[in-house]
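Questions regarding the structure given below will be posed in turn.
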Amino acid sequence: MRYLAKVSGDDAPKHVDIEMLAEGRYAVTLDGHRHEVDALPLPGAVGMLIDGESFSVEFEEHGDEVAVLVRNQVTRIDVADERRLRLRAGAAQFKVEGRQVVCAPMPGKLVKVLVKVGEEVKEGQGLAVVEAMKMENELKSPKNGKVVELLVPEGSAVENNARLIVVE
Amino acid sequence: MRYLAKVSGDDAPKHVDIEMLAEGRYAVTLDGHRHEVDALPLPGAVGMLIDGESFSVEFEEHGDEVAVLVRNQVTRIDVADERRLRLRAGAAQFKVEGRQVVCAPMPGKLVKVLVKVGEEVKEGQGLAVVEAMKMENELKSPKNGKVVELLVPEGSAVENNARLIVVE
Amino acid sequence: MGKIRKILVANRGEIAIRVMRTCKELGISTVAVFSEADRSALHVRQADQAYCVGPAPSRESYLAQDRILEAAKKSGADAIHPGYGFLSENASFVRACDKAGLTFIGPPASAMDAMGEKTRARSHMIKAGVPVVPGTAEPIPSLEEARAYAEKIGFPIMLKAAGGGGGKGMRRVESLQDVDSAWRGAKSEAMSSFGNDAVYIEKYLDQPHHVEIQVFADTHGHVVHLNERECSAQRRHQKVVEETPSPILTPELRAAMGEVAVKAARSVGYVGAGTVEFLVDVHRHFYFLEMNTRLQVEHPVTEWVTGLDLVHWQIKVAEGEPIPFLDPVSPRGHSIEARIYAEDPSRGFLPSPGKIDFIRVPGGPNVRDDGGVYPGYTVPSHYDPMISKLSVWAPTRREAIARMKRALSEYMVKGITTNIRYLLAIMDAPEFVQGDYDTGFLGRSHQALLGAPDPRLRELAVLASVVYRHQQDRARATRLQAPRANATPSRWRRFPGRPRP
Amino acid sequence: MGKIRKILVANRGEIAIRVMRTCKELGISTVAVFSEADRSALHVRQADQAYCVGPAPSRESYLAQDRILEAAKKSGADAIHPGYGFLSENASFVRACDKAGLTFIGPPASAMDAMGEKTRARSHMIKAGVPVVPGTAEPIPSLEEARAYAEKIGFPIMLKAAGGGGGKGMRRVESLQDVDSAWRGAKSEAMSSFGNDAVYIEKYLDQPHHVEIQVFADTHGHVVHLNERECSAQRRHQKVVEETPSPILTPELRAAMGEVAVKAARSVGYVGAGTVEFLVDVHRHFYFLEMNTRLQVEHPVTEWVTGLDLVHWQIKVAEGEPIPFLDPVSPRGHSIEARIYAEDPSRGFLPSPGKIDFIRVPGGPNVRDDGGVYPGYTVPSHYDPMISKLSVWAPTRREAIARMKRALSEYMVKGITTNIRYLLAIMDAPEFVQGDYDTGFLGRSHQALLGAPDPRLRELAVLASVVYRHQQDRARATRLQAPRANATPSRWRRFPGRPRP
C-alpha cells in the first residue's frame, strides 16, 4: 500500500510503500530502501524495532499532521494514503484574513484586558494578560486594526485556545 | 442510610449509618461516634480524609467481601445495606463436600502430574507441580480419596484458578 | 524548643513532599494544608493529616496566615515548616507562629526583617563592608520614580521584588519604553507570590555568574557554610540547572565567599538553613545579591556532595540541637540538578498545565527525583510549573553530566509538555560542557537549544508515521466492517498521545 | 582488549536495565536480546538495538548461546555483559565468546571453571587452606547416593546446584522422607536456571549468618576487596534484604574475611567483579561457601557506601584498564537494599505475575530504585519474580532503616501482589532492628512478619468500606435510572483495584 508523507517545511511529499508481514510487523520501503519494522503499542509510546534498532516513538495528532517524537526530535508529518489525499484535495483551502481572533495560549486566567471595543491597536500592542502557573503572558495584537469584540470578561478562567478578543 | 459491615473473623456485623453531606463528603456514624469522611478516587487508591487524617485506601473485591488496605493493613469486610442483605439471605448457602477440585494457585505451567485417574490419594499427598517465575509449587490433595479426573494435560500453560484435578 | 512531634507543612508540590519525607524518617507526624484546587495533590496523600485552607488563589489559601494557623491548631501541630516561596520569608507569619506557640522552622523574625526585605538587606551588607550590586537602597514608590532612577543609572536595569526571591516579580528592563509593562508585571507577580508588591532597582551586571553559598546556623552560636552552588543557567531569572561545585570557583574564591556568607548570616543572628546569593563578574569579583532566609529549591545538590539531609538539620536546629558539622565540609564528587517544568520551551516557555497520562521517572545509581506529581494527576494552572527536580551525583563533573543525560533520556511524561528535551540540550551545549557559563547563557543559546533537526531521525519519523497511519486506517476499516467492535479501542488508539484540546 | 563500543546485554529485567544505564553514561551502544514473552519488556525499550532470540522458556532463548552470539554478530556488538543468572557463570559461553572474537565482561573461563562449579571451588579452597562447610566434594550422581550421604552426615542437609547460585536449585532437607521431592525440585530448578542439573550436599549449619565479600580484580594483577554485605535475611534461600556494613562484623573479622576473599580470587586468576560468600557461625568463625563469578544482585549497597559504579569498572577492566581503588576503601555510612518481588507472602510467597495497573516508585534523598517494569507492563510468568530493587543510604544504620521504611511506605504497585508490606514488617522486626539476625530469621519470624491486626486500622477500614459500598450502590442506582450513562464509568469504579480474575 502506498502512502505519501510530507514533512512540515519540505516542498514535496515522499512516497512510502508499506506491506504487513505479520501482526505488528511491516516491510516499509522509502527511497528504494526496504526496512523491517516491528511496532508494539506500549503505555506512553509505541515500541518500534526498525531494522533491529529500538525506538520509543510517541505520536500526537495535530489536525492533518501527526507530530512524531523519536529520540528527542519532533517531526511534524502530514501522512495519508493516496485515496485519502484525493478526498482532502477536494476540500478547498482557505486562509483567514482581515478578522483575527486572539486565543488563550494555555489554560489559565484572563487577569487583565488592556483594550476597549472600538479602540485602534497596532501590531504587537498588548491586548490582554493571561496568567497560568504564576506566569503572566501578554497577548499581542497580530495586526494593525480595531478591536471589534471582547469575548471573555476580565477575571475569567479560560481554557486552552479559548477565543478572547477579535481584531479587525 | 444504614449498612451492616462484618469484618472477616468477627461474629457479628457492625451497624454503620452514612449520610452524604456534599459530593464526595459524608458523615459516617459507627458505635455512636460520628466521623467526617472526604473521599476522592485517585489513580491507584481512594484518597480519604477521615476527621482530617489522610489515608490512601485501596479496595479489592472478593465475592461478597471487599478487601480494604489502609496503612499496610488488609481487612476483609462483608458490607451491604439492609435490603441487599435480606435479598442475599434468600439465596441458600451451600458447602462443597465430597468432590474437591484442585485449582492452579497462580498463572504458570503445569510441569508435572504426579497421580493417575483412579489412584487412591492421602490428604497432603502431592498431586501435581505448577511452575511460575522459576518457583515450583506442589499442589497437595485436600483430602483422602480417589483421583477421578485430570482436567489439564501435563506441560500446559494454566491461568490463575484453572481447574486441574478432581479428587472424590 | 524541645522535641517536635507534629509538623504542619505550609506548602504544596515537591517541597511539601520533600519535607514530609524527612519528617517520616524522624518519626514526626505531618499535616498538609491544601487549596480547593489541590484536593488531589500528592502532598495531601503523603501527609498523615490534611486540611483545606481555602480557594485556589494563593492569597486566599497558601498565603492565608490565619487559616494556616487554624489548621495547625486543629491538627495539634507543634511546628510549621514553610518550605520555600509562599510564607517562607514572611516575618509577620513568623511572629504569628511565635504568638500561637508554634515553632517556626526557620530563622527568627528579626533575621528575616533584616534580610527578607531585599532593600534592607542591602543596607545591612553595605554597613558590614560586603560589596553589593549598585542600585536603590529602598523600594521604589512610583512608576515615575522608577523611570527616573533607571534613566539615572542607565539601562539595562533589574526590577526586583523586595519581598522574596526565586525569580518571581523580577524583570530585566532594556530601555525606557519597556519600564511600564515590566513595572506592572513585576509588582503583580510580587504581590501574588509574596503578598508584597514592593519592588526596587538594581544595575544589571553584564554576563555575571550567579553563585550562592549555603549557610547553616544553630541556636548555640555556630554558623558554618556548606560550600556553593552554581546557578547561572537561568531563563527569565528562573533557575533551570544548578550544580556544585561551581566549575569557575577556585578554592581561594570559595573560601572568601564562604567567609563573607558566614559573616552576613552572623550579622543578622541567623538560625537554620539559609542561602547567600552572589553575582560573580568576569573579573571574579563577587557582589552580595540577597539572602534567601529559607531552604532553597536546589538544596539537593548540596545534600549529594555533603551527605547531609538539610531538612533533618533544619528540624534538629529548631529543636535546639547544636549542628555537629562545624569543620568545613569538603564536598565529595559532583552533583547537578535539573528542574522539570510543565512548559513548552519552543513556545516561549508557555506553561502547560493538564493531566499527566503517563510518567516514568528515571532510576538506577545516583539519580534522585524530587517529584510532586503522580500518573493520572492533573497539574493545576494556579501554581508554579515545576513538577519535579531531577538530581544526580558522580565522582566528576564529566560523569555527572553523562549521568544527567542518561537520566533525562529515561524521563517520560505524557499528556503535558515539559522542558525535558530542552534540559538534554543544555547538557550537550558546548558552553555548559566547558563549564564557564554566565546568566546570559540560556538566553544567548536559545535557538541552538531548541535544536537543529537530524536528517536520520527525520527519516525514521517518516517510517514510523506511515506505520502509525496504516494501523489507524486498518483499525478504522475494521470498525466500519464490524460496528460492534466500536467499544474495544484499537491497538493503536489506546496509547499514542491524545490530540491537544 | 581495547575500547568497547557496543555491548550486548545477555539478560533481561532490572539487571539488563542496570547495565545499559552505565553503558549509556559511558557512550557505549547497547543491544538487548529478548524472548517472545519479553517483546514489551523494559530492557527492549531501553536498548539501542534489540533482537528476539527465541521462545519464552529460558533454555530456548536467554540460555541459547548460539542465538545470542548470532544476535551479537548481527548487531555488531564487540562485547557481551551477562548480568547475573542465565549464562553469567557458564564457562563454555565464555569460551564461545572468545572464539567469536567478543569480549566477555567477566572473569576468564579458567577462573569460572575453578569457581563456577561449586564442588570444584570447594576442593580449590580446601587446598588453599580456606575453611569450608562440610559436604560432598563432587556432585551426587543419583538419588540413592544422595539419601545415603545425607544419612551419613546427618540431617538437616542442604541440596545445592553445582552450576550456579542465587538460591536457585537449593533445598534444605530436614529428614530422609523429604529427600525425594527436594532432589526432584532442586535438579529441575537447577536445570532451568543454569542448564546444568548437577547438585551436591552440604551439612546445614545452624543459625549461620550469610556474609559476602565483594572483590574486584583487573588484568594487571591487582585484586582488592570492597568490604562485605550482610545477606542473612533470606526466605527459602532467596535473599530478601541486604545491607552493608554488616552489623555483626568487627574491623578484625572484616579484614580477615577480606584477606581470604582476595586470596581466593587471586588463587584462580580472577578478573572483574566477583563475590566470595561465607557462612559465619555463632562463634564468628567463617566458612567459604562459594564464589559468584559475576555481578551480584545486591551490588547497589556496595555502590552506595563506596561511591563506585561497579558496572563502570567491570567495563573498564574488560577494556584493560587498571583499577584505581587499590587502597582499602573505607565505607561511608550505611546502605540497605530490599528486593521487591511479585509474590504473596501470606500465601507461601506464591508468585503473582500479571499486569501492573499503577506504580509509584519512591523518591527523594538517598533512595535508589533499580526497576525492570513500568506502568501498564504485564509481568510474565516465565521468569524471576523480582520486579525491582529498592536501596537507600544514610549516615547510620538506624537512619537507613528509617529511610527504607519511608521509601517502602511510598512504594505503590497495583494489579499484582508484592511483598512490600512484608519488607516493611522486616524493617520493624526487633531482631532486624537490633542487627543480629541469622539465616533462620525470616523463617522463624514468618507469622509475626505477616502482622497482627491493629484495631484502629480495622475501624477505619470499616468506615472506608461503607463509604465505598455506598458510592457503588449510588452509582448502580444512577445507571438503572439512566441507562445511557452506562458508557461513563462511575467515579468509583474507575480506580479501585480490579477484582482478581
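Order of writing sets the labels: A, B, C and D. Residues in every chain begin at 1.
Basically, contacts are C-beta pairs under 8 Å (C-beta built on N, C-alpha and C of every residue); 3 or more make two chains touch, one makes a residue touch a chain.
Bear in mind the structure is a predicted one, so any value in this text is a computation, not a measurement.
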Please identify each chain that touches chain A as well as chain B. C, D
Looking only at C-beta pairs in contact, point me to the busier pair out of B-C and B-D. B-D
Counting in whole Å, what is the centre-to-centre distance of chain A and chain D, each centre being its mean C-alpha position? 47
Counting only Cα atoms for the centres, state how far chain A is from chain C in Å. 31
Send over the residues of chain A in touch with two or more other chains. 42-45, 56
Residues of chain D that touch two or more other chains: which are they? 46, 358, 360, 374-376, 409
In their shared complex, at which residues does chain C touch chain D? 17-18, 21-22, 24-27, 46, 300, 303, 307, 309, 332-333, 358-361, 363-371, 374-376, 395, 399, 402-403, 405-406, 409-410
Of all residues in chain B, which touch chain C in the complex? 38, 40, 42-45, 47, 49, 52-54, 56
Going by the contact rule at the top, pick out the chain C residues touching chain A in the complex. 168, 181, 185, 188-189, 192-193, 342-343, 347-354, 357-358, 360, 381-385, 409, 412, 414, 421, 424, 451, 453-454, 457-471, 473, 491-492, 494-501
For the complex, which residues does chain A have touching chain C? 1, 3, 5, 7, 14, 16, 18, 20, 26, 28, 30, 35, 37, 39, 41-46, 48, 50, 55-62, 66, 68, 70-73, 75, 77, 79-81, 84, 105-109, 111, 126, 132-138, 159-161
Listed in rising order, chain D residues that touch chain A in their complex are 32, 39-40, 44-51, 74-75, 374-377
